[in-house]
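Shared chain: chain A. Partners: chain B in the first complex, chain C in the second.
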Partner chain A sequence: MGYQIPREAADQLFGWLAEHYEILAPKVFAGEGCFSDTDVTRYGTVRSLSEIEFDKKSDYSFKEALLPVNETLFYFTEDQETVPAAPGKKRLVFLRSCDLHALKRLDAIYLENGREDFYYKRLREHVLFVLIGCPESCDTGFCVSMGTSQTGDYDLYLKISEETVWADCKSEELKAFFGRLPDGTCAETAVSPEAPSENKETVTLPPSFSEDILSNPVWESYGSRCIGCGRCNFVCPTCTCFTMQDIHYRDNAKAGERRRVWASCQVDGYTDVAGGGSFRKTQSDRLRFKVLHKICDFEKRFGFQMCVGCGRCEAVCPEYISYISLINTLVKEDA
Partner chain B sequence: MNNEYLPFPSQVKEVIRHTDIEYTFRMGFSGDVRPGQFFEVSIPKFGEAPISVSGIGADTVDLTIRRVGTVTNQIFEHYKGSTLFMRGPYGNGFYLENYLNRELFVIAGGTGLSPVKGIVDYFSDHPQKVRSMTLIAGFKSPSDILFREDFEHWEKTMKVIRTVDTAPEGYEGAVGLVTKYIPELSVTDPARSAFVIVGPPAMMKFAAAEVLKLPIPEENIWISQERKMCCGLGKCGHCRIGSTYVCLNGPVFNYAKGKYLVD
Partner chain C sequence: MSLDINTKKAKKNAYRISKVRGVGASRIRVPGGYLKAEILGMVQKIAETYGNGIVHLTTRQGFEIEGIRLEDMDAINQMLQPIIELLDINQTDKNGGYPASGTRNVSACIGNNVCPFANYNTAEFAKRLEKAIFPNDLHFKVALTGCPNDCAKVRLHDFGIIGMTMPQYDPARCVACKACIKGCKSLSVDALRMENHKIVRDEEKCIGCGVCVTKCPTRAFTRSKKKYYRLSIMGRTGKRNPRLGKDFLVWADEDSVVKIILNTYRFVKEYIDPNAPGGKEHIGYIIDRVGFEEYKKWALDGVELLPETIVNQCVYWDGIHYD
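What follows is the complex of A and B.
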């Protein structure tokens, strides 16, 4: 159901939503970027529409709404294990089409690959997704190439201006909030999400790669510049790896917790086994491992490509290793 | 919904010392388990480590643990009269049905003997279920030999070659890498043979190459891969090789598929 609402009424409606839900959305954190005097756009809790960054793609993806950077699995006290309670409030997560497609990848790993994940599932079941449209393509995205530029799988779509808000609401639960608006403020109208029809960047993946792909020289030429910082993994909406971590408290060594923390396949230690063995020792091998997962190996297992073309890894790399140019070179050389 | 991450406490029933740094912990466990599967074993506040099953009893599983990391150090320091925390078993393990009525050859390097020991134990107790059984087990040196008492028992029911890479002068047992003894194996019917090869990556690679030369068809060879496995549940990603998750699809692979796994 589409609606057109004056901004003031929409702000009121958002206030009601904020009482019922924890709203996670991209926000600008002024001065908190990697370098001095730079901003970063990442996810945080918001209580008003004006806090949300609608115009610019977030530097970090929505995935932390479902997979916290570090998540306590349980607490130990002596020999007792206590699982922390699930968050009390349901969540509303604002995200773009590429990220909503990434959700399908997270679900594949956490709900379909082996047994269902307790912690992911209990969060996932209580999240509603609010789509932010993309009137035009971002700089580094190639969502059109990856088929992720449009989606209908949202609970609510919102487009805002200073005077007006347009919404398309698919969730019965959320429609009830629109019903509470004073008569005459909520006009029914057809609203469909804005989506780019083309990107500046294009990637064309072949149906499959040759067997020689593993030894293609592109891995060495791009990988030799990689410093193994792992930022590409942490901004990626589809990277899901974690490492287990046990800690005990400094003031009481008998109590502690087991956590899982985000892990990067580009960083030393990712493959270390007890006794000193490790696999993929060079950055080139690690780059191959990651890129082929995104555009080949995941697809072999689940039937659809992992990469959603959000272009965040392209933008974040401190060594300016272009993921897009890597793939395009690889595709050309492998043909 | 079941929370797979929660470990259960398990009593240490018995400890068998093999070397200074390798002990077998006999743990209380009743449930289905196969040789080659593994448990995530933990000491709360120190961490978890994947440990393969090295023996299966009526209500116990054996875990042969080498003291080489944070968690295993703690296990060695604190095991006395205590409990360890476990979850599992995980992975596919070895299906004994694959080896029935075959000429079975088990080739193991070092602690690689742990995941295959359940196979050796089973066919040692049921020798009539295979046409013949041969074990080649290699260790670095005489002081690294594991399961000494079991070897004495196995020698009664199967052909055993227990070799060490290097030995001090005067050592009377076999010396040399396991690959040295593979060409000497006599296989009556390669089509009805089965080879299980487990050990460090380089050992498996060269042993498989020797076995293929015998010649043995690829599909009659099984290997088991060791990788970092934080969850054992197909989630953490550390053990993935290409489109394969070692914790879910392995750690045991038929060589016809296993040879395509490139890290």
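What follows is the complex of A and C.
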């Protein structure tokens, strides 16, 4: 159902939602960028519409709304384990089309890849998704190429201006909130999400690659520039890897907790195994593994590409390693 | 041709009396070394109209237009006017050129306008200081640098201002990648270690350089909202006792730094050797004579330091002694 609402009424509606849900949305964290006097846009709890960054794609993806950077799986004492309670409030998560497509990848990994993940599932079941439109393509995204520029899989779509808010609400649960608006403030109208028809960048993936790409010199040429910082993984909405940490509390080593924490296949330690072995030692090997996971290996297992073309990895790399150029070189040379 | 020049006045007016009789140089101050490119064209025009077409880039980030004839000073002052206005330099007489030269140009490294390591906008702070301290005939040298790399070599100045940030750590965002630990060890002072998969920062050791913040891939380490400064004092080069400046304040705020410098002008007025040649005596030598305790009293007068600011109660300098 589409609505047109004056901004003031929409702000009031948002207030009701904020009471009922924990609302997670892209937000500008002033001064918290890498460099002094620079900002970062990442997810955080918001209480009003004006806190949400609607114009710029977030530097870090929405995934932390479902996969906390650090998540305690259980606490242990000498003879017991305790699983922490699930968050009390339901969540509303604001995100763009590419990220909503990424959700399908997270679901594939955590729900459809063998046993369902208890922690992911209990969060996921209580999340509603609010789509932010993209009237124009962002700078580095190639969602059109990856088929992720449009989606209908949202619970709510919101577009805002200073005076007016347009909404398309698919969720019955959320429709009830629109019903509470005073008469005359909520005009029904057709609203459909804004989506870009083209991007500045294009990536055309072949149905499959040949084995030859494994020895393509591209891995070495880009890998030798990679510093293994992991930013490309941490910003990616489809990277799902975690590692385990067991913590024994300092003043009582018999009590502690087990956490799972985001991991990056580009950072030292990822392929370390008991006995001191390590499988992918060079950044070239790691880069090859990551890129092929994104555009080849995942697809072999699940039938759709892992990468949604959000372009965040491209934008964040401090060494200007262009994921897009790398893939395009690979595609060209394998043709 | 007879030439009647008041050299004291000319020097105060920022002209140099050169080794060639009748010929001088015009000195242009550029706070923070930060200027609109159009000023370069204006400097060129003066150099080609009144000078010998050569400009020297001074060690304090100003321009020195060579080969000007001392009788052209008034005309040159007219041409300096738009430069003075564009750089927003305090002036007493419009079209009269620079009203003083004792307090030198406030110099600075490029700072966070460009440099990824910088902890603040050095040009802006340089301008604030210039507005606060200029014009003054007392010989003060102030320099600013964006981070402890000290590219501006501020420890060779009376006042050296070094940018700091107090790293803010959010354990909930930390993925234990150790990039901060490695960065702090290889580029800075090795103040970080890991305990139970989380970072522990040795607060005594940390110099607030911000390397950990730039290295962190998840924004677990971020900069403090407040900007902090290390204030190094009384560094100097020169004949008798060249030496590096020593830390007076660590984790100080901008207002306190400005206030202390202004207080130092009052201290110098009180204690400067009345017979000092040209009314110039380096502040450091005055403090050597009067004693650091007395200086500290004057410097901190009315200054409200942040609770986290560390004041070095006794400062001793070493350096090379030729005297």
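Note that the second predicted complex is superposed on the first by the 335 of 335 C-alpha atoms of A that agree within 3 Å, B and C clash if a C-alpha of one lies under 4 Å from a C-alpha of the other, contacts with A are read in each partner's own complex, and residues count from 1 in each chain.
Just so it is clear, a contact is a pair of C-beta atoms (placed from the backbone, for glycine too) under 8 Å apart; a residue touches a chain by one contact, two chains touch by 3 or more.
The structure displayed is predicted, hence computed values, not measured ones.
Novice: Sharing chain A, do chain B and chain C clash or fit in the superposition?
Specialist: fit
Novice: Once the shared chain is lined up, is A:187 touching chain B (first), chain C (second), both, or neither of them?
Specialist: Once the two structures are laid over each other on A, A:187 reaches no partner at all.
Novice: Looking at the overlay, does A:261 come into contact with chain B only (first), chain C only (second), both, or neither?
Specialist: A:261 contacts chain C only, not chain B.
Novice: Look at A:42 in the shared chain and tell me whether it touches chain B only, chain C only, both, or neither; answer first, second, both or neither.
Specialist: In the superposition, A:42 touches chain C alone.
Novice: Looking at the overlay, does A:274 come into contact with chain B only (first), chain C only (second), both, or neither?
Specialist: Only chain B is touched by A:274; chain C is not.
Novice: Looking at chain A, does chain B or chain C touch a larger number of its residues?
Specialist: The partner that reaches more residues of chain A in the superposed model: B.
Novice: In the overlay, answer first, second, both or neither for which of chain B and chain C A:248 touches.
Specialist: Both chain B and chain C are touched by A:248.
Novice: After the superposition on chain A, what is the angle at the C-alpha centre of chain A formed with the C-alpha centres of chain B and chain C, rounded to the nearest 10 degrees?
Specialist: 110
Novice: According to the stated criteria, A:86 is in contact with first (chain B), second (chain C), both, or neither; which is it?
Specialist: After superposition on chain A, A:86 lies in contact with neither partner.
Novice: Could you state the shortest Cα distance, in Å, between chain B and chain C after the structures are superposed?
Specialist: Across the overlay, chain B reaches chain C at a minimum of 10 Å between C-alpha atoms.
Novice: By the touch definition above, which chain A residues appear in both interfaces, chain B in one complex and chain C in the other?
Specialist: In chain A, residues 245, 247-248, 263 are touched by chain B and also by chain C.
Novice: Would you pull the chain B residues touching chain A in the complex into a rising list?
Specialist: Going through chain B, the ones touching chain A are 1-7, 9, 42, 44-49, 66, 68-69, 71-72, 83, 200-201, 226-228, 230-231, 233-238, 240, 242-243, 245, 247-248, 262-263.
Novice: Taking the complex as given, what residues does chain A use to touch chain B?
Specialist: 73-74, 76, 79, 81, 83, 109-110, 113-119, 121-122, 214, 240-248, 253, 256, 258, 260, 263, 265, 270-277, 279-280, 285, 289, 292-293, 297-298, 300-301
Novice: How about chain C: which of its residues touch chain A in the complex?
Specialist: Against chain A, chain C makes touches at 112, 116, 118-121, 163, 165, 171-179, 195-197, 210, 213-220, 222-223, 225, 227.
Novice: In their shared complex, at which residues does chain A touch chain C?
Specialist: Against chain C, the touching part of chain A is residues 29, 31-37, 40, 42, 60, 68-70, 229-231, 234, 245, 247-250, 259, 261-264, 267-268.
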